[in-house]
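By written order: A, B and C. Residues from 1 in each chain.
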């Protein structure tokens, strides 16, 4: 039988993993919130940032956590550009469907570009503390994961503070709740859409450095990333950052515990089943606003 | 409204006609390109002798998509052989031209690619793709058109269960046997020094999982207790929970049925969790001479076991020439050459030897010749059973002083096995 | 709407159908090259798939990303039925595609009933989740599916010279049936009801459309054709692995082709498949090694969506139409709704 020790160790690892996914998913859910766009390129944006961080650490010797200071503004601009060039021109009526295709095309383009620049070898960002680990009460805590988790929590807190404490943030939240009334209140919804997309990409940038430290990646890794991010944001409720955080932690813990107690091959499956069960009872997800036409 | 609908129909119709016309045109052009009678006849059989036209060899490799990484080392091996043989004057006086195309790691594309190579570009020979999962669809196309199918990558049980008479797996043995050499070594130790318990993590992959299963059967038969068995999926996976579960079961030996990427991941997870078994064997990943130390840390590799077929310092046929040419073309020392490159190169060596002995390079001759004898290559003396499964065995390798070194069986070893204690064990 | 106009329209429509299928029937004889026929086989397969997807994703407006699962279940059903069996002359597996399609459709209906309680974006994500669940099951239910080892199908004793012909004609027959079904949907009240659901599900219910029944009927038809195509595909490539048979890219290709040609139109998906499927296969073959192929593909993709957001067929129709450029399908929704209301 599986010892309590093994399960607690699995929970620790699961929470650490969940923190990193929470950061990636918060950007995704934010983009959905402001634009009603499911951004299928979020995984590719995370990877793009991971590659930039990889070049900065490998080529210039920058610490991967410091690299975030460079990648974040870059990716913010990139996110705004994607919104202006590809998402905004879509007609409002078809936006939900067409944006799936457009953002998927952007993801493919990023994948292609990364394939040309870095070819398809798996990479990982190497930090001096990559293999360090602490023993806490008999449980092993890998240093890289602990740092990654801590950083994700800090960045998430910063994101939430930005959304709650600043004028732009309040405008974003108003848009998420109801674009029409936000417009009536004088919010420039188009501009907020661009800013929201930029912020979503910026969180992808931060998450990219963290992700690249913990997992090896190649240009086609974004498919698996986006599959997980989608399930997280739908479980949490599209548009809800709090929901994304809870769902990401849930995914991390469920997958990790199932991997240890049952088998790793059922880990993702278990989470998908949880997602379907929740959607059966609550089609809008755990914390999501009611969507048009939802039964 | 009605008006519009009728218009729509008319437009569709004209579009359709245009498309059909385009399709027919393509067909016509292609028909001319193929030439009369080029279709259906056994390829490369007519007029092969005495001709000086280039010998074209078609290969589909995964250069984009999920399997593209190992394709790179294979491409190097193929291109290296072509360069070497061409410098010598080619095969029977014919310069070798490789036509390498991308299958994007997709089965439909690999089918299309071999169809195109064989029936459109009319290549003389084909070599197998370098993503093992694509081997079966590709081998079916080659078999249908009576092409010899030399393939260095797909050595799982299902490949041989096809019972194709044109297929040759260019490694010393089916992949299932990668772990057998490790089991042989362990069971050659006096019982008191053998491990008492074992863990078998493996990737859910047709070319990795059977390796761990095979060793498990041999070990269980010898009384070594199984304390952990687990399969993990091929997707981007966090292997820390797997390593954690293995650590909890405290086995003496860990036998991993791995492919390269999860091999690196599993090693790193063990290091991060500070878990070190007495023996660690990984079927792949740990046999990548340059990538493994780079990915898991140079200080961590010593003592770890893996298996392979070609190693720096090998006395196999053509090994010196291979190493020299590799260095001249790609740089780097012999200890950085991936054995995948050697396996791809060995496909070429086989063609070259058959041509030298029989004076022909048509597919029927290659199939007949390879079936009937044993052939020396970089990866050992190869001979095959009727299904194309090679009859030899792999070499056991161990990391000694930061280098991957063959250590068993003694007749082919360059060093004796050393203390398998891992650098991060406490 | 005179009777003469209707007769004329029917005649033109009939001529189009006859010409289309006559050309396709003659194609293998004309082409007479394996590599072209191989591409034609994949093209027909995608034409069936896109036509099937259009019923749910186009007419009803439920963008399924999980049709790859239905395709894969069809492929696995075929593999399990015939693995290790003697197929005689080799035609049995084609006949099996029809019952496989029906069975998969019936089995998928309860799941579809649950999934279709959600709308647009969430539906897309739920369906892709279902795809990953199906793939996980194919990997993990080793006793049934062989897991990652996959299942080999028997190789039929077809002559080398005409090896692709049976697959080609089987898929052509399937395309004819699928297009026939799509035609029936397009020209009857069922199509109007689906378009009404797509425009506004609550209002459709309000005007008396049996929303659930209509949606499930469309889904069932779509699932049957998708699974049948999967069955023939498995027989053609001779082997099924979980990651190839149940592949998100198959669903994405269906979506792309439908959008390119024009969703909620009869011929749009076929046109999309006829353009994209051969282009993709040939581009990867010709330019794959330059690795620029993905970037080029993405660029074409973006241009198509931004320049032709409605797809080729409706855009051309709107361009030829005098007066204000109407969104054709919305236009049709309105007209149909009026008819339903009356």
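FYI, a contact is a pair of C-beta atoms (placed from the backbone, for glycine too) under 8 Å apart; a residue touches a chain by one contact, two chains touch by 3 or more.
Since this is a predicted model, take the numbers as computed values, not measurements.
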Most contact pairs found between chains B-C
Chain whose average C-alpha position is farthest from chain A's own: B
Centre to centre, by mean C-alpha position, how many angstrom separate chain B and chain C? 35
Distance from the mean Cα position of chain C to that of chain A, given in whole angstrom: 32
Two or more other chains in contact with one residue: find those residues in chain A. 112, 115, 119, 265, 268
Residue ranges of chain C touching at least 2 other chains are 136, 139, 291, 293-294
Multi-partner residues of chain B (each touching 2 or more other chains): 63-64, 66, 204, 233
Provide the residue numbers of chain B that touch chain C in the complex, in ascending order. 1-13, 15-17, 19-20, 23-24, 26-27, 30-31, 34, 39-40, 63-64, 66, 100-104, 106-109, 111-113, 115-116, 118-120, 133, 136-137, 140, 144-146, 156-158, 161-162, 204-206, 209, 233-234
Complex contact set, residues of chain C against chain B: 1, 5, 9, 12-13, 15-16, 19-20, 23, 27, 30-36, 38-39, 42, 136, 139, 147-150, 152, 155, 160-161, 163, 236-239, 241, 243-244, 249, 265, 267, 271, 274-275, 281, 284-285, 288-289, 291, 293-294, 312-314, 316-317, 320-321, 326, 328, 331, 335
Any idea which chain A residues touch chain B in the complex? 2-3, 5-6, 9-10, 13-14, 17, 112, 115, 119-122, 124, 130-131, 133, 135, 140, 142, 144-145, 214-218, 220-221, 224-225, 255-256, 259-260, 263-265, 267-268
Flag every residue of chain C that touches chain A in the complex, lowest number first. 61, 63, 65, 114, 117-122, 124-126, 128-130, 132-133, 136-137, 139-140, 201-202, 248, 252, 255-256, 259, 291-299, 301-302, 305-306, 309, 327, 330
Touching residues on chain B, where the partner in the complex is chain A: 63-66, 68-69, 72, 204, 230-233, 235-242, 244-245, 248, 261, 264-265, 268, 271-275, 295, 297, 300, 424
